[in-house]
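Encoded as structure tokens, the structure appears first; notes follow it.
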Amino acid sequence: MVTVNPPVNPMTLLASFDAEIDQLIDCGRYFYQRGWSVGTSSNYSSLITRDPVRLLITSSGKDKGNLCHKDFVVVDESGKTLLPDQPKSSAETMLHVQAIKLPHVRSVLHTHSVWGTVLSDHFFDQGAIRISGYEMQKGLAGITTHESTITLPIFENTQDIPSLAKQVDEYMQSATGPVHGYLIRRHGLYTWGKDIAEARRHIEVIEFLLEVIGRRTILT
Amino acid sequence: MVTVNPPVNPMTLLASFDAEIDQLIDCGRYFYQRGWSVGTSSNYSSLITRDPVRLLITSSGKDKGNLCHKDFVVVDESGKTLLPDQPKSSAETMLHVQAIKLPHVRSVLHTHSVWGTVLSDHFFDQGAIRISGYEMQKGLAGITTHESTITLPIFENTQDIPSLAKQVDEYMQSATGPVHGYLIRRHGLYTWGKDIAEARRHIEVIEFLLEVIGRRTILT
Amino acid sequence: MVTVNPPVNPMTLLASFDAEIDQLIDCGRYFYQRGWSVGTSSNYSSLITRDPVRLLITSSGKDKGNLCHKDFVVVDESGKTLLPDQPKSSAETMLHVQAIKLPHVRSVLHTHSVWGTVLSDHFFDQGAIRISGYEMQKGLAGITTHESTITLPIFENTQDIPSLAKQVDEYMQSATGPVHGYLIRRHGLYTWGKDIAEARRHIEVIEFLLEVIGRRTILT
Amino acid sequence: MVTVNPPVNPMTLLASFDAEIDQLIDCGRYFYQRGWSVGTSSNYSSLITRDPVRLLITSSGKDKGNLCHKDFVVVDESGKTLLPDQPKSSAETMLHVQAIKLPHVRSVLHTHSVWGTVLSDHFFDQGAIRISGYEMQKGLAGITTHESTITLPIFENTQDIPSLAKQVDEYMQSATGPVHGYLIRRHGLYTWGKDIAEARRHIEVIEFLLEVIGRRTILT
């Protein structure tokens, strides 16, 4: 499935997307400061073209609090970087490629917060965290009232990313309502949006709601 | 009640209030950094003229950590923006209009903190959070001793803002003492002041007291 | 005891202490960011001359996250500001004057943290918080080993500052070892040092130890 | 073992290592902001030459949030500063010298976080904190899967640093797997890496995991 001769040179494409890179750099700076992307964890991406798939994504192992333009690569739909002199893309690239299959999705963000890590374990046996009745839910695309239920499925962690991507695919295809994100057990959160700003808003909203649920659970 | 022909052009007015806008931008930057205004939540306002009502307020859905001058609108007493090319004002504008009916109030601030969300739910059955005996209470206008009781009523959340505004109105008219703010269940805090600085001080004081009550409840 | 004709003009003195004011401004910026001096709470001081007492101190009600040079006043040993056009000094100035009676003390810092507020109440019946066995204790002047005990007495809060100052005086005179600071119930922390840097280090050390004790108490 | 006539002037060496000093300054700024290096606690080092040992290290008692170039010294393998006009190196220098005996280690970082302090006490009787099943573990050098166990031994705190260094030495020599760091009871964390970036990543990863374990313990 690798596009051997991409119709557009990815480096030329990259130069055209300085604004998107700057937005992702700013996401990293904030997420790092909040403790959601420390230890070079997390990956951020933005779709350049959908057909063929050209995805701008953080390369593997970079400090997310201090990203620079050379810390990004362009990958195709198989997750491979498109030029031999580019740094390696993250192992989890295929989870980004999976999420941008959703027709309205153009940006995918992944964070590793303390609350996401703890709660994805605490609620693992229930298969999901269900969140109802909070005003902040309206920060998720398409949600217009707190009288709604957000379901964040929790998948068991694995180093077999293609297998995990397949599980997420199956979950999404069988889901009866919109899926705003998911958790990987003891690992972190994936969410997305129609652009980087929406995906970032979703990270902020879900991380807020996870902290609310964590503190509420301790309080009661 | 819409003033069809406002006596002063709102855009001309807006240009005269750069200092107020800068103050509200700075509120947003701090509240966002503290996690009280993430996910584009919260609204901030400052009164321009009281008769007729011209209220400067954040427009709907803006990133509060990075507000700019064009993210503000001017609304009248019905909550409508005064020029057709202005962005939409927030749905909750009417709660700001409600609060500035208090004769000494010229700024209204609304935040969505984790503790405000959790405690407005935890104490909902008691109808209010009552706070006594803390020195920090003296940061609220008119309070000169810790030997006082602050009552923060909690209203059930609703998407019917006019109905909520009416409940707040009724509460204020029947209150026997000064009302410094209120909580909406699983939603957040409204407070106000004679100017932006005082309203911001009230946010800081009440958010501090909520965190104190949250941690005290866990500790004991 | 008021020095009617101070031998040096306090405004001339003030201009000579720009470096000290800048240090106190920087303390405020950090303490505010940590949530220890929000809502215009807290006061910071630095001794200019001991005989007669000329104390540089934050004036009442200023935003501690954004102090500027005009937010400081010079007071004498009775806590009165020395020039009629200066803003009012804080009501708690006399607690600063009390602390600088200790011969080695030239700076006094007062903070209102969440943990200080909660723990000064939680341990009130024991009269003090006693802290033993932590390496961080070595950050307090004169402490060379974690095998020491720090005692932070807790005084009941009152708006009668002269009475409180007298209680602190009596405590210090009867104390058998060095006193590094004290708590006022549901109010906050006073500590000091031979200069601003040492007083700031003491705030950081004691606030750290209070958070440790708070979290340890929850954990066990 | 002191090299009386070092083959290279340490001040000349120091000037060549501005980039390393800047990296350590940046570590301090971040760790201080996170509350991991307050009250002038913590020490950071980077190896200049291994034979003879020339180690760049923070001098004793400096504010870690605001380090400057003159706050660093060069020490030899006995922990002594190499020029008489240099400030004193930290008492814990010998723990840095101990760690850089590991052939792949060129930077050692030591922090005092609240969670590290609390958990090193809470788990002291078990001799170590064992961490399994978290994705974040992959941020430690050589760890490729969450299905691994990280062991952080806990040593009793002491002011006898040579004795503590000897205990750490013995632990490392008897360890059957890689050692990524250790805790000193009620004191803090030591970790290291092949360069400053790796050592910093290890601090971020381990401090994250300690917070996860602390909050998980409270939650369950």
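As written, the chains take the letters A, B, C and D, and residue 1 is the first residue of each chain.
Criterion: contacts are C-beta pairs under 8 Å (C-beta built on N, C-alpha and C of every residue); 3 or more make two chains touch, one makes a residue touch a chain.
Computed from a prediction, not measured in an experiment: that's the story for all the values here.
**Student:** Can we say the copies chain A and chain B touch using the same residue numbers, with more than half in common, or are the two sides different?
**Tutor:** different
**Student:** What is the distance, in whole Å, between the centres of chain A and chain B, each centre taken as the mean of its C-alpha atoms?
**Tutor:** Each chain reduced to its C-alpha mean, chain A and chain B end up 33 Å apart.
**Student:** Can you give the whole-Å distance between the Cα centres of chain A and chain C?
**Tutor:** 46
**Student:** For chain A, which residues are shared contacts with two or more other chains?
**Tutor:** 218
**Student:** Tell me the shape of the graph of touching chains, choosing from line, ring, star, complete and other.
**Tutor:** The chain contacts form a single closed ring, each chain touching exactly two others.
**Student:** Could you list, by residue number, the parts of chain A that touch chain D in their complex?
**Tutor:** So the residues of chain A touching chain D come out as 35, 38-41, 63, 65, 112, 114-115, 117-118, 121-122, 157, 159, 184, 186-188, 214, 217-218.
**Student:** Across the complex, what residues on chain D touch chain A?
**Tutor:** 30, 34, 133-136, 139, 144-147, 197, 201-202, 204-205, 207-208, 211-212, 215-216, 218-220
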